[in-house]
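You will see two complexes here that share chain A, one where it goes with chain B and one where it goes with chain C.
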Partner chain A sequence: MNIIITGLITGSMLALLAISFSLIFGVARIVNIAHTAFYMVAAYCIFSLTGKFGLNPVAGMMIAVVVVTVLGLLAYKFLIDPIREHEAAVLIATIALAMIFQEAVMLIFTGDYRTVSALIEGYFIVTGVKVFYQQVLTFGVVLVILGILWVLLMKTKLGLAIRSTAEDREVANLMGMNDSRLAMITMGISVALAGFTGAVLAPLTVLSPYMWMEPLIMMMAVVVLGGLGSIKGSFVAAYILGFTEALVVFMIPKGAFLKGSVALSIMILVLLLRPEGLFGISFEEER
Partner chain B sequence: MKILTLGWRLLLTLCIVMAMCLPAWGRTIKIGVIGPMNFVQGKSHWNGAVMAAEEINAKGGVQVGNEKMKIELVKADSNEFLNVTDATNAMERLMTQDKVDFVVGGFRTEAVLPMQDIAMDYKKIFIGCGAATKSLCDRVAENYNRYKYWFRGTPFNDNYLVRTSFSHLGAGAAVIKNELKVPVKCAIVAEKAAWTEGMVKVAEATIPKMGFELVGVWRPSAVATDVTAELSAIQKSGANLIFTLFSSSVGITFARQAGELKIPALQAGINVEAQKEGFWEATKGMGNYVYTSSTYIRGVEYSELTKPFVEGYFKRFGEVPTYTADTHTAIAEALVPSIEAVGSLDADKIVAYLENREYLVPSGKVKYEKDAQGRPTHDLTWGPGYLTGLAGQWQDGKFVGVWPYKWVAAPGAPEVTYKGMVPLKIPPWMKK
Partner chain C sequence: MLLEIAHLTVRYEKAVLINDLNLYVDTGELVSLVGPNGAGKSTTLRAISGLVAWEREIKRRSAGSEIVLEGTVTFNGERIDQIPAHEIVQRGLVLCPERRRPFREMTVLENLLAGAYLQKDRQKCRETLDKVYDLFPLLRHRSHQIAGTLSGGEQQMLAIGRAFMSDPKLLCIDEPSTGLAPLIRQEVFEKISEISRLGITILLVEQEVSVIFKMASRNYVLSSGKILAQGTGQQLLADEVLRKTYLGL
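Our next item is the complex of A and B:
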């Protein structure tokens, strides 16, 4: 039971991060390394708003998502858009952006560890296993968000435009879709999702200016495993790696710290057998 | 002409007076304070040094021979948690650019070792206030002429830290046995980090010898954000005592989740985050009954110097000093009295004097050790009458001193209890 709960929570967090990362990569070919830094900024926003200003946690979460989305849009407009055609430059610029966020958080909040109160305190027992209410709430919220995202992508005109641009940017452009505007909207959605992940997970984690690094590696692993730019792939891969991490912790107590390494090894193994990832387009085909 | 002569005379007199006064307010003793300044360890390094400098300067400064010199602090951010090169650059800058007379601070062994070398290259006294590794002092014994400028300020070395931790564990086990009348089953939970490797091995060998059943070893990542899996397994193992070795954020995660899940076991050992004032808030009150080694606790007195230091620090900075704030001791108790005694800033003279001193400090009494061959190590003597450290426990929102409480260091030795100690408690949910 514990493996299932832990796997579901970890997988859902990775799914939210990886899907939003895949979204902007698929549509605009932007490798946004600062993606998890936005997640960190959202977590610190909630810490400030609820802890220092005494705001209601739900209101704090909403404001944090808005703040992060605005930050993401500004970053796109002034930093990414001017160099968008040069993928390597975008990659480096977003690394710099993440470092700037890290240093800014360090300056404002120092390197001390911080925590955020859970929305619902306490736990319940299922088949002898103690499960936090906050974990169940987080999992439920993540499912709702993933559902909303699915509806947005599959049932709306905007979703159709995003999907068609992700599939073939040039053809979508020829069909009259404003590629740049669409990229900006997608960036907004992507960063908002990263912010939302930070918001829902803040009560379950410990805040530090370096908290963006560990999920970044796992998120990249999910994206590569699932297939670059594939949303479906990211979803499936996130749960594969989430459950792998949980299994390692339960099966090898002395090697709990190896959970990340084992997950990354699985990624390498899959890539050796299927270089395009689980649901990706093969590199030859893309060329 | 007479007026001109008078003017020249006045000018000359003024110059002479200025020249005479210059040493009194123009020359200072420059002390470099090096540490990770964006983190609590570095902040405490700086705060301790500031407090010492303020106290000494308020009294007119340091008497160096015939001169009265004030203390000037130079802050150096070693950034050593992230980059050891930043640490060595900061030390190099203190030596070449700031031209300090002495250095205090340092935290991570990996950074302190190269920083130590730089200070020795320039023959500057460096009092370490953070790294516990014994090898830092072994270097003094092995190559005295080069490393004699190094002194350990705090904490006592890692061998003694382990020894103290087992004393804490023993005290916890005694309460479990007395109150629950059950055999002690102990779990080891140590973050995956270099400093815990040796300690885990020693603990695995020592715990069964102490008469406790070792039920397992868990090694979460130092930055793990979820340890519910480990906690479930620990509860399933039947452990009633958890030996913790945490210096990073996992200390908060573990204590918070264990408290929230009401895991029926006492946490004892080292949890650096639990030594901080902010721990109660960081765990949202779930860190109740966490029991950890510590250096200073409000209300606990090792010597007559403890209370003025702890309360003065609390008044000045709004928090209880952590052990890296012992830069205060390094400056106010080690360096300044030695400088005044030898009447000089000459490092060799100060070393010769300081290594033979035995003096009171806020955390006990300092006496520098010699190794088995009688060579000076400049390491700190551990044990009753010298430095022992403390252990504190969070009891309903307050961090209180619980060890040493009627502690007998060796058979036949007298009991040791410092002023302000209270009995250790086990979590009430262990009694159900």
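Our next item is the complex of A and C:
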């Protein structure tokens, strides 16, 4: 039971992170290493807004997401956009950005571990296992956001433009889609989702300036397993990895320290056996 | 004149792809642009639809090879050579690109709706969609099929249908018959004639000279980035040298 709950929550969180990461990669070929650093910033935002300023947690969440989105758009405009066509440079710039966030958080909040109080306290017991209301809430909210994202991508004009640009940027231009503008919008959505993940997860985790690294590796593993650029792939792979991680942690005594290595092993295996991932498209057709 | 290209030159680094090209298309015409492989036919269409300028911007940002684009393109009385690709469509110059390039992961209907991206008026969009479905009944039957699973001929119909959804005044089509079986080719040409009869001006790039010369009101022969000759099919075919050397007939 614990495995299922942890697996579901980790899986959903990874799904949100991996899908939002894939989104901006697909549209603008931006590999945003700082993606999970935005997630960290959101968590710390909540921590200071609710803890220090005594704000209502929901309001804190909203503000955190807005702050992170604005930060993301600024970073895009002034750091990423000028070098957007240079894939290696973008990689390095976003690593630097993640480091900057990490050091900034370190300076402001010190390296001490922090916690954010749950939105709703308490738990109920199913088959002898404690299920915290906060866990259920986080899971539910993440599902709702995934649903909204699906509707946005599949049912709206903006979603159509985002998918078209991701598939063939040149042809998308021929239909009147402005790829620069769409890259900017997608960056906003992508970072907002990262921030949102940080916000809903904050009460369930321990905050530290290094908290972006582990989910980054897990997220990369999900993206590799699911196939770069495939949203369906990211979704399925996220739950596979979420459950694998939960299994390792609960089945192997003191298995928690193995979490990262499982993700890395899966990533290496997939790269060796099936480089295009579960649902990925091979890149042969690209020019 | 609906389209007028004057002194168009396109260079990639040192390579001259288009060299001082002049070409015009009048409203209602079906004009063909033919020539051997690598003549610069696609580059011409890409230049007028803004893709060369778009690519130049990307190359400039990535410090890649340099692209030079000179000359003027006038469409409907307005200079469009300085306008970004995504705004040129809005003015009614639409390109159906080489190798069809449907959005392979999306459904037929989604592809068509992508073509109508700039159409704000839902009612008008529906009407155009109906027109496309009347023109290509198979697209109506396949509307929920994933585009990547269509046959080559069907993908070509989809690509033309998608371009039609952009409400073109001038429809540029790049090699629609390449790689298709003879019967399907014929069908594609019939559809293009039909679109022409609807009053839409067409600039067509093709390899199938014998068929095209019968359809087009005027033709341009392009080789190594230069216009070698222009005229009606009959006029061009009367030139022995041209016929043997450049048209392969």
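Convention: the second predicted complex is superposed on the first by the 279 of 287 C-alpha atoms of A that agree within 3 Å, B and C clash if a C-alpha of one lies under 4 Å from a C-alpha of the other, contacts with A are read in each partner's own complex, and residues count from 1 in each chain.
The working rule: contacts are C-beta pairs under 8 Å (C-beta built on N, C-alpha and C of every residue); 3 or more make two chains touch, one makes a residue touch a chain.
The shown structure was predicted, so the numbers you read here are calculated from the model rather than taken from an experiment.
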item	value
Partner chain in contact with A:Ser208 - chain B first, chain C second, else both or neither	first
Chain B versus chain C as contact partner of A:Phe132, first or second or both or neither	first
Touching partner for A:Phe257 - first (chain B), second (chain C), both, neither	first
Comparing the two partners chain B and chain C, which touches a greater set of residues in chain A	B
First, second, both or neither for A:Ile9, with chain B first and chain C second	first
First (chain B), second (chain C), both or neither touched by A:Ser117	first
Contacts of A:Leu174 with chain B and chain C, given as first, second, both or neither	second
Touching residues on chain A, where the partner in the complex is chain B	2-3, 5-6, 9-10, 106, 110-115, 117-118, 121-123, 129-130, 132, 135, 204-206, 208, 210, 214, 246, 249-250, 253-257, 259-260
Partner chain A, residues of chain C touching it in the complex	49-51, 54, 58-59, 61-64, 84-87, 89-90, 94-95, 97, 101, 103-106, 110, 113-115, 117-118, 162-163, 166
Chain C partner contacts - residues on chain A that touch it in the complex	82-86, 157, 160-161, 163-164, 167-168, 170-179, 281
Contact footprint of chain A on chain B as seen in their complex	36, 38-40, 43, 81, 192, 216-226, 228-233, 249, 252-253, 256-257, 260-261, 273, 278, 281-284
